[in-house]
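A, B, C and D are the chain letters, set down in written order, and residue numbers restart from 1 in every chain.
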Amino acid sequence: MPDKNTIAVLDDGFVRLVDVMGTDSAIVQAARISYGDGTKTPSDDRHLIRYLMRHRHTSPFEQCELKFHIRLPMDVMRQLVRHRTASLNEYSTRYSVAIDSHQKHYPGDWRYQAKSNQQGSDGFVINDNASIALESTKKETQVLSDVSTLYKALLDQGIAREQARSILPLSTYTEIYWKINLHNLFHFLKLRLDSHAQQEIQMYAKAIYHFAKQAFPIATEAFDDYVLHSCTFSKQECNALRELMSIDVTAMGECGGLQGRELNEFKDKLTMIMEGVC
Amino acid sequence: MPDKNTIAVLDDGFVRLVDVMGTDSAIVQAARISYGDGTKTPSDDRHLIRYLMRHRHTSPFEQCELKFHIRLPMDVMRQLVRHRTASLNEYSTRYSVAIDSHQKHYPGDWRYQAKSNQQGSDGFVINDNASIALESTKKETQVLSDVSTLYKALLDQGIAREQARSILPLSTYTEIYWKINLHNLFHFLKLRLDSHAQQEIQMYAKAIYHFAKQAFPIATEAFDDYVLHSCTFSKQECNALRELMSIDVTAMGECGGLQGRELNEFKDKLTMIMEGVC
Amino acid sequence: MPDKNTIAVLDDGFVRLVDVMGTDSAIVQAARISYGDGTKTPSDDRHLIRYLMRHRHTSPFEQCELKFHIRLPMDVMRQLVRHRTASLNEYSTRYSVAIDSHQKHYPGDWRYQAKSNQQGSDGFVINDNASIALESTKKETQVLSDVSTLYKALLDQGIAREQARSILPLSTYTEIYWKINLHNLFHFLKLRLDSHAQQEIQMYAKAIYHFAKQAFPIATEAFDDYVLHSCTFSKQECNALRELMSIDVTAMGECGGLQGRELNEFKDKLTMIMEGVC
Amino acid sequence: MPDKNTIAVLDDGFVRLVDVMGTDSAIVQAARISYGDGTKTPSDDRHLIRYLMRHRHTSPFEQCELKFHIRLPMDVMRQLVRHRTASLNEYSTRYSVAIDSHQKHYPGDWRYQAKSNQQGSDGFVINDNASIALESTKKETQVLSDVSTLYKALLDQGIAREQARSILPLSTYTEIYWKINLHNLFHFLKLRLDSHAQQEIQMYAKAIYHFAKQAFPIATEAFDDYVLHSCTFSKQECNALRELMSIDVTAMGECGGLQGRELNEFKDKLTMIMEGVC
């Protein structure tokens, strides 16, 4: 399946783009039914999409859909399925014999439990203790092999697939069709591209992001600028910013490349912070 | 806008098909990831789709989408918007001056309040009292004209569109982009093609149904047979059926054109009814 | 945790009712805002709830909520989580060491793969081959023990919980808080009390059903009569029924205990079938 | 209905709290199933809730529900109903005669169309042109009276309520039961308390906010600090901030009252901005 619509992920997984509904223009088309159609050049389209993203006018992004075929370990699937806004169909291990493949950890894959973060990992084992890394892989290989042997033995003796599967490890690969609209996809990406997300689902998110950017380049660029790489300060942090900065907003000129409406919006935010009304 | 993708509805409304994601084959493709891919001929596809519909395996139908551009009175919109599974963008009467068109009732349109059904209509006024029908239209025309005049006067005097609109009647036309997946569309159609639905939304539902049938002929035929034209009997009604029928299911041959698996399913239902275990 | 709000399920699972919003009266209260408040006695309440259920006026049932604390194997969780309308929080095996308990199969538990149904089980192994049943349990016990040993060893060596868990079997117990409104709960119960659902999730569904019936006795009785124990005939099956029955609906008297409005509705259905307009 | 659970809104509307599921503790309870239960004092509860809100761990907030009885003009209803995550039942003008009350604009109510903002209002008419304000109210009163007269005349002549209602203005009052979980309520409040939202729905949002704060004081305070009064800077704005500020984050002490983990998070944000990796 090595085609331009497929990206390999992990040792035996992939993300494949199956179908797309709409283009950046479909977002504009839906928005213009609300906002009127006075502005019509391609450059206006880009401005409109960026305006919608900046002000969280999210409904026009719902008018676009992406459909993927994904092969992933059940452990990652357990995280993916929590995004309830997607439509999905999954390979059934009640109906069919389970896929005979597991996400395996090579010696270089093992990560340490993070000290600072209860739910993360931090640093590779192999870098300071190669024998543990090698031994862990060896033991994992043995246990996965034993489990596979038992699974097949149970099936051979006529035991129901829906029961035999209960011994399968979470690393067992499964496959899904997964369809989601662009607004909900961006929300998914915001959460799963985050550095605190588990590394494995980050890898799937990156492949999915690639296809979103390819199909909706302007909307995805707006998502980058206004959501993914944005920074939110709490009320208390705005107070702290006020202590750190001393700016006369009215005297401010151009700044950071911001112009026109965006420059004004920036000044409005600074004014609110300076006046403590954030 | 008189093209093959547009159907006129009411005096000034329409339903226009904008885009479709998928075909009947996309349903099959999503289902096969669950059910395996042993069966591959077009005739098998039809069987699979009908099996999915019959057994309410609804998720593969979610893999398809239809997008419409609809012009409709706000009164109908108030019913349409209750289907929360659709994505929609609407013409904004905060941003733009309201569309200068209302759903008008011609003398032949007026219906009587139903006697038997608190929330329906029954019979045309013009058939037994033409003068009431004529007079009602005349008065409606006058009031709609007065309202339009006032709306324009308020705007002319600089009053905000978001306030001026509050006098607009529910018959005012609005426009939307409306996107929904095929599973949710069938649910919408089941409710809004029903003879108890208000006649106006039934007319929109019929136009939408036309495009669903055109884009997904096999799935829509299955919806017709297993949902739209099905008949559900309650537990008590099953008891009543048992009193009315005396059938030896085991001795039954072919019946009503049913064959194979569907004949067996029918016999299973009759057996349950005959044995009172429904 | 052996209290009246907890029901044990499987070898180490349970369903515990945590909180309820509303009563049967809350359904009536919400419906009356639509239908007016002319009818007010308790017997009228029951009639109204049954009318709503019979005619699939589902929104008033959304006004009630049930919240559960459930302990279940991850294999069952994979089915439960597909009901996207519930709110849920799950025990995190990124954050905490996995629960050290698995759903085990005792010799009497093993079921044969169904011959007639690709995705089901049929008959107990122990009944005709005790040695296979005993041997399967013995091997499962050994493999589960080996997996637990490896899981602990990986954690002991500092490997991240989010990686070590990938070898855990689907039978590993997890815990959730699970909240769902009554309409969506009935939909869940319709699907998961069905005899074709996997036996394990049927057992959870039965426990959940118990609490629904306790908290909303009238609504749940209506669900029993009009949904759970109803029987739906397709268009083709209605044709077959017409061949099998010869009924003069106009001459029909009381039947199966049906009276009043429900008797009329039953006659309407029979008339449609007899006239082939179903 | 002047009780402590009812707040009057507009000239004839109200928001009434009907029922609540959960307390701040229910959020903690649901979160602890994920995060373990090491921390148990009330002060820890507050910290946990604030942590969840700050890091957008939204699912525990879904475990709480609020149910309201609201009387509002149909024009506001058209905005409220767009929040698809709520459950709602509305007064039916098919079933019952419409409520004989409209949102009226007193002379002091009329606002000018905003010049700078296509979809807003700006300044009161009465302040600089009392005669337009008086005249507008007078004309509105006349038209509303004419419409009411026609509506009643149509009903008197037996015309169906579902048709007669089409002339009713958007200012006609309606009533709903409206239930929503706390996470979705906060999202609603973020959008509808915003100064760009229409003033009328802001007034309803304020009444709803009051009850949310009363029922969930800690969660609502966290929403205030981390969402409602937060300030988000885009990637480009972060670049501009870097030009405006010159901070040695490593040398920074306490600031703006931030302490401990929140101070560290603030420093992390500043570091990202200073290093241009936002």
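Criterion: contacts are C-beta pairs under 8 Å (C-beta built on N, C-alpha and C of every residue); 3 or more make two chains touch, one makes a residue touch a chain.
Keep in mind it's a predicted model, so treat the numbers as computed, not measured.
Contact with both chain A and chain B is made by C, D.
If you compare B-D with B-C, the chain pair joined by more contacting C-beta pairs is B-D. Chain centre most remote from that of chain C: D (centre = mean of CA atoms). One simple way to say how far apart two chains are is to compare their mean CA positions; for chain B and chain C this gives 29 Å.
Each chain gets a centre from the mean of its Cα atoms; for chain B and chain D, those two points are 32 Å apart.
Each of residues 35, 92, 95, 118 in chain D touches at least two other chains. If touching chains are joined by edges, the resulting network of the protein chains shown connects every chain directly with every other.
Residues 73-75, 78, 81-82, 84-85, 92, 94-95, 103, 105, 109-114, 118-122, 125, 129, 132, 136, 139-140, 143-144, 146-147, 150, 153-155, 157-163, 165-171, 198 of chain B are the ones touching chain D in the complex. Those residues of chain D that touch chain C in the shared complex are 19, 21-22, 26, 29-31, 33-36, 59-60, 62-63, 65, 67, 69, 87-92, 95-96, 175-177, 179, 181.
Residues 35, 54, 56, 118, 191, 224-226, 229-245, 247, 255-258, 262, 266, 269-270, 272-273, 278 of chain C are the ones touching chain B in the complex.
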